[in-house]
Each structure stands twice: as structure tokens, then as C-alpha cells.
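Sharing a structure here in C-alpha cells format.
Letters A, B, C and D mark the chains in the order given here, with residues in each chain numbered from 1 onward.
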Amino acid sequence: MPGELFRRLVAAAGPVWPAYTRHEFVLRLARGDLPEAAFRRYLVQDYLFLLHFARAWGLAVYKSDTLAEMRRAQRLVAATLDVEIGLHIDYCRAWGLSEAAMVVEPEAMQTVAYTRFVLDRGLAGDRLDLEVALAPCVVGYAEIAAERMADPATRRDGNPYREWLDMYAGDEYQDLAREAAAALDARFAARGGEGRVPALAASFATAARLEADFWQMGLDAAR
Amino acid sequence: MPGELFRRLVAAAGPVWPAYTRHEFVLRLARGDLPEAAFRRYLVQDYLFLLHFARAWGLAVYKSDTLAEMRRAQRLVAATLDVEIGLHIDYCRAWGLSEAAMVVEPEAMQTVAYTRFVLDRGLAGDRLDLEVALAPCVVGYAEIAAERMADPATRRDGNPYREWLDMYAGDEYQDLAREAAAALDARFAARGGEGRVPALAASFATAARLEADFWQMGLDAAR
Amino acid sequence: MPGELFRRLVAAAGPVWPAYTRHEFVLRLARGDLPEAAFRRYLVQDYLFLLHFARAWGLAVYKSDTLAEMRRAQRLVAATLDVEIGLHIDYCRAWGLSEAAMVVEPEAMQTVAYTRFVLDRGLAGDRLDLEVALAPCVVGYAEIAAERMADPATRRDGNPYREWLDMYAGDEYQDLAREAAAALDARFAARGGEGRVPALAASFATAARLEADFWQMGLDAAR
Amino acid sequence: MPGELFRRLVAAAGPVWPAYTRHEFVLRLARGDLPEAAFRRYLVQDYLFLLHFARAWGLAVYKSDTLAEMRRAQRLVAATLDVEIGLHIDYCRAWGLSEAAMVVEPEAMQTVAYTRFVLDRGLAGDRLDLEVALAPCVVGYAEIAAERMADPATRRDGNPYREWLDMYAGDEYQDLAREAAAALDARFAARGGEGRVPALAASFATAARLEADFWQMGLDAAR
């Protein structure tokens, strides 16, 4: 069954995982009562985040051993630069945030921490280390949105954040996340071994913790 | 005038530059009397070369400071993986070389030397170092093909290598090379300074020398 | 006069610089009324910080163009691993913190943010980028300690943090910082240019901001 | 038994391994009838090689996960920069080659190929990839010298290359090589898995092939 490594990493992360995926930011977003200031802060920083995310997939192109691995990394650079950043810019515009305003915004410490942690894992380690550090984001967002959409407490009508939930709960993103989880297994088969699991689990848990800090940064902006 | 840094680097390389751009391999290819064995050897190794070339542009995505720089590097990953490798595979097939056969061929020392030299310049240095090390290839091939097509000694009709010359002398590739030369100037404006010129010139000259060794590897296969 | 680039970067950082060098943590440490919990938190995270700091100088060995540059980076790896971490461990022991306890402590987000930011600057850019990102720490600590020791408000007798101030205000560390500032100038002469200054200044300011966040993390532990 | 991974890699390399370790250059060096021009060429290029070798161990400092791994990499940077390059310079001086003359010598393609291949393996992969690519050199030289010293065909008295054989057959270097082989096993336990063996074996074989090319470059200089 695809996603085996991902599930092991989630299990090993223990309470760190739901502290990220069921963070108050997410629960309130789903209920529709997240303060707008929190969401705006998140949107701006997520734009800055995506720039480094695209750099991480560029690094994965460099770290590829085969043409197939290279093409997958290339697709994810394209998904980030051509689709996700584009959607993000459109979406932010609807929230009154222009790209010009976002690009000059200083990166929050939380944005720096998670993005550079991922890049360092990718450069100090190999492509498996890189993809494991990216997984809480790539695969985690799909899990978060799916879980929220299945929750009766989630407000569907009149929720100002509905579009966000629909995007990540939608088929396209869910497929991308499933492929990413399957790619983790393929990478683990090619480059893994039980000896690596503790270090990979520690790295995954740190990434999840830094993602939770990222949500918290949004909430803090509303105080 | 665009291409100023490129012209300085060519001038600084002295006789190393024409030893590459007017290498016997190139002159005989243009006259149509290059031994087939030499060209086949070149084709196979150039396929392996392109895989690392795509990795170098992936690295450039990682090493980008702005979205515009990232998108340019992304276009060059795509140009390599989607267009150039594709054309190469088609072209090689016409010469009786299948992709399956090429992918298992061991890399020649000459292929290793130039490709890994470029990647090391890119990782040890910055994006300017990377693009300077790539320039003898990216911009050099356009100069080589244009120069040959302008030479009366070049055989146009019945030249088995005519397609190769047309591809690199064609508008599409000439535009790509002009943009690459302009990008070198832009990068030098943003990250350069006269103090860097000697090291950049040394790196460019080494890259040109390794490219000449690459032609020679082709010729040697015909002995 | 040595340290010219450093002074330009400090000037360009504006109020970000004193917000780091005269952070409340530092002022209270000098007055001797910093809560012990704040200092302990700082000590543990600084130990984890130093491990990545040594990695950064290892990276500088890789990024060296000459034997002299390599030997300087090697000396800084040794200064970190053989001297600074050793002193730190001794010092922490006196504060009741064992190395075994520190090594299993999770890295604070603030520690991740600054250390990985530095490493990313070093890998995405060149050695000048790396040393500029390290400068707020290497040169900044010398400035901080010297400034505090020259301040009449600093309590010398009976200050529980006196040893920390003495270490960084001492000749050995002040020399190391002076050399680091001179090395920045040498690197700028070899690899710089006015075009690079805005990006270097932005990187320096971000590093200083992340250092201030690191002090704040200490203070927050005492709340 | 230490060295298990190393022995698997040697076995997988098949005839590529003795083509390196029993290369004509080595056999003639042991018999004492290697042309001086061949040895001089080797010495100069080996000096240039060692500079990149030190960079590779600097990279290993960066790629360390623990303080123990970092200290081992640091010792190898020191062994290269403080001991091996120093001995090399002394030794070369006895052969009439000054350091000033060597440092301006252009790198041979063979030197570029092996050194940059190693660095790329280290950056594209993880520390296991890096150490496997270094092993044909680090561990291989010990095997080469020990094997030659045990061979009755080796001329001990009056062999102008006796000092070279003694250095690499001596206890100090043999210990260093044994530790390197043991470190490979430790790294494989921590980061390996059977799935990695084919790629590691391919990388090891390429490195051994590039080392054989390096000997051949020496011989070619005597023609």
C-alpha cells in the first residue's frame, strides 16, 4: 500500500503530528471563525514560503539519479512556480494583497526556520532526506484539508476560507499528495534501510513542529 | 551591447577558445567528412552530458535570488529535458542509437570532467560562477554553428551532419544563446565586480578546454 | 582600515543592528540581573547552535578557492570544535548543564532559523555570502562584549555572567573577530562589487534580526 | 569484520578494481623502472588533487549528523592539509618540484574528472555517497602499497620510489585506511540498506576507473 513510509513517520512523530494537522489555526479556518488578520499573515508568509519550496524542488532536480526522478522534480518546480504561486497570487489579490506588497514583506522567523531546515536537510543529506523534510507540507496539507472536509464541525456555506479548503481537498491536490507519498516509498526502497528510520523520523518530526509554528505565527498576528 | 562579459571571457581565454570552437571535430563535421564512429561516440556521450546539464539548471533554480531568476532556470531545465533531450533521442534513433542503449553506456572521463566541473563551480561558487562555467557550452555551440554556416568550406548539400548544424545555427538556439549571454551580463551587474574577473576567466578557460577534450574524445573513437 | 565592509553592513542595517547588539538580554546580562532561566536556555541552545556553526566553517573549507582560504576555514572549524564547544561544555557544567542533557534537547525554532539561514546563504551563494551571514555572530559578539565592558552600567564584581563577558571581550576573541572583519574585506575585494552590496546588506540584516530573536528566546524562557 | 562494505564494493567492481590497483604505473613504480617523467607528472597532479580532497573532507564536516562524525571529518581535513600536503611538498621538493611551480600548473582532465566526481557524489547524495566515492583513493592506496610491498618483484633497494611505497605501506597510513573502511561500515549501518548497494557499487567502480585514468595520465607523460 502506498504511503507506508509516510505512515511510519507520522506514527513516530506521536503528538507532534496532530499538534500540526489539528492546530487551532486549522480548526478555526475550517469553522470559518479564524480572524482575518491571522489568515492574511499566513497568506503573505506562505507566498514567501513557496519561493523557497520551488528552490527545494530545483535542488531535487540536481539531486536526481535518473531521468524519471528529474522529471518528477521538474513537474513539482512547475506545479509550484506555474500553478501554486499563480493561484496564490490570484487568491491573495482577492484578499487585497498584491504580489508587489508580498515580495517586499520581511520573512517571518517561522518561514525562515521551516524553509531553510528543509533545504539544509536536502543538501546535507540525500534526496530521501529532502523529500522526508518536505512531506509534512506536501502530504500533510492534503491530510489536513481532507480531515477538515470530513468533519461535521466544518462550515461549508459562507466560510470565507472555503476556497482554501476546496483547493487542498480537491482531486488535483489529493493526487499530487498521494504521488508524493508513493515517491517516498520508492525513494526509501532505493536509498533507505531500517538504520535510517530514526534520523528520518526525527527530521520529519522537526519539520512538522516547524509547520505548527508556522500556523501559530498566523494566529499570533491576530492578537 | 549584450554579451560583454562573454566577450571578455573569450578574449581572456586566448588560444584556448578557438582550440575548442574550431576543433578538428567541428571542422570535419562541417565539411561532412567526420568519421561516423566519431559522431556516434559524441552523440552517446552528449546524451549523458545533457542529463547533468539539466541537473545544473536545477541547481540554478535553487541558487536563484528572485522569482525571475528562478523562472529562467526553470525554462532551461525544460529546454533541456523536454526539448533538447527529446530531439537528441529522435536524432540518435535516426543514427541507430536507442535511448535504452545510451543510458547504460559508461560515461567517458571527458563527460565526467566537464559536467562535474560545472556542478562544482556552481556549488562552491554562486550562480554567476555556475553560468560562467556553462557558457562555453550554451553560448559556444551557437557561435560554433554560426561560424561554420558562414564558412564557404562548409558542405551544405549531402552533409550527413547538416541537421546538427541547422539545429544550433537556427533562430531558436541562437536566441537562447543570446539570452544566455545577456543573462551573464545581468548576473555580473548584480553579483560581479572587477575583482572576480580573473577567477571567472580561469573557470571559463578550463570549461572551454574540457569542451575541446570532449570533441577530441569523439575523434579518438574513430582511430 | 580593516572592517570596512562590516561597517557598511552595520550602517545599512539601521535600527536592526542595535536591536540585536543592545537587546534587553545583553543589557541585563551585563548588569547581572538576567534571570538564570533565561541564561540556561541560551546556553543549551547556543551549544546546539555551535554544532551548525562548525558545519558552516566545514562548508567554507569546501568553498575555498585557495589553500590560504582553506586553512583559515579549517582554523575556524578547529576554533569551534576544539576550543569553543569545549569551553562551552565546561562552562555549562558549572551551570549544572551536562553535555549529554544538551545534545538531546530539541532545537528551538530560533536556533533552526539562524543556523539554517546561514547554511543556505552559503550554499545558494558563494563564500562571501556565507561569511556575511556569519558576521553578525562572529564579529557581533566581539562588539557586544566590548561595548558592555566599556559601559559604566555593567556590573563587574559579583556578576554571575562575568565569565561570558570576559571570554568575548578578551584579547583572543577580539583578535578572532578583527581577523573575521578583515577577511570580509579580502573576500569582497576578490568576489565583490558594488552591485552585490544591497543583497549582502539584506542578508546581514536578516541574520542580525535572527540573532535578536535568539536572545529573545532566552528571555522568553524566564517568563 | 571491519571493511565489509569495502570488500563488497571491490567484488562488485570486478576487473575494474585490479585495473586500478595493479595498473602498469603502480607495477613499474614498485619495480623501480617507472620513467621519472611519469612520476613527476603524477606528483604535480596529485598535489592539485589533494587540494580538492581537503575540500571533500570539509564538505563531510558540513554533512555530519553528529559531533563524532564532524570530528572524524575534521581530522581528515587536518591529515590532508597539515600532514599529507606538507609531506607532498617536501617530497616534491626532493624531486625538484617547488610548490610555487605546482600551484600554477593547469589541472589535467583526469584530475578534474576524479575530484569533481567525488564532490558531486557528496553533494548530490549523502555522506555515505561521499565516503564511497573517496574510498578507492583512501583505502585503495593502502591496499596498493601493501600488495606491492608483499610482492617479490618489488625492488626495495635503490628504488627511487621507495619512499612513496613506504609512506602508504607504513603503519600510519594503513591505520588511517582501516579506520576509513570501518567508517564505511558505520555509515552503511546508519544510512544504508540493500537497495543502495547497486548505486554505491556503480559509483565506487566509476571512481576506481577514474583513478586508473589518473595513473595512465602519469604514464602518458613519459611517452
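Throughout what follows, a contact is a pair of C-beta atoms (placed from the backbone, for glycine too) under 8 Å apart; a residue touches a chain by one contact, two chains touch by 3 or more.
Because the structure is a prediction, the values reported are computed rather than measured.
Student: Report back the single chain whose CA centre is most distant from the CA centre of chain C.
Tutor: Farthest chain from chain C, going by C-alpha centroids: B.
Student: Counting C-beta pairs in contact, which comes out ahead: A-D or A-B?
Tutor: Contact tally favours A-B.
Student: In terms of residue numbering, is the interface formed by chain C and chain D classified as same (over half shared) or different (under half shared)?
Tutor: Comparing the two copies, chain C and chain D contact each other through largely the same residue numbers, since over half are shared.
Student: So the centre of each chain is just the mean of its C-alpha atoms; given that, what is the distance between chain B and chain D in Å?
Tutor: Centre-to-centre distance between chain B and chain D: 31 Å.
Student: Could you tell me the distance, in whole angstrom, between the mean C-alpha positions of chain A and chain B?
Tutor: Distance between chain centres, rounded to whole Å: 37 Å.
Student: Could you give the separation in Å between the centres of chain A and chain D, each centre being the mean of its C-alpha atoms?
Tutor: Whole-Å distance between the two chain centres: 43.
Student: When you check chain A against every other chain, which residues touch at least two of them?
Tutor: Those would be 55, 62, 119, 123-124.
Student: Edges wherever two chains touch, nodes for the chains themselves; is that graph a line, a ring, a star, complete, or other here?
Tutor: Topology of the interface graph: complete, with all chain pairs in contact.
Student: Which of the residues in chain C come into contact with chain B in the complex?
Tutor: Counting only chain C, the residues touching chain B are 62-63, 65, 123-126, 129, 188-196, 199.
Student: For a test of understanding, state which residues of chain B touch chain D in their complex under the given definition.
Tutor: My answer: residues 55, 106-107, 109-110, 112-113, 116-117, 119-120, 123-124, 206, 209-210, 213.
Student: For the complex, give me every residue of chain A touching chain B.
Tutor: Residues 51, 54-62, 64, 67, 70-71, 73-74, 77-78, 81, 85, 103, 119 of chain A touch chain B in their complex.
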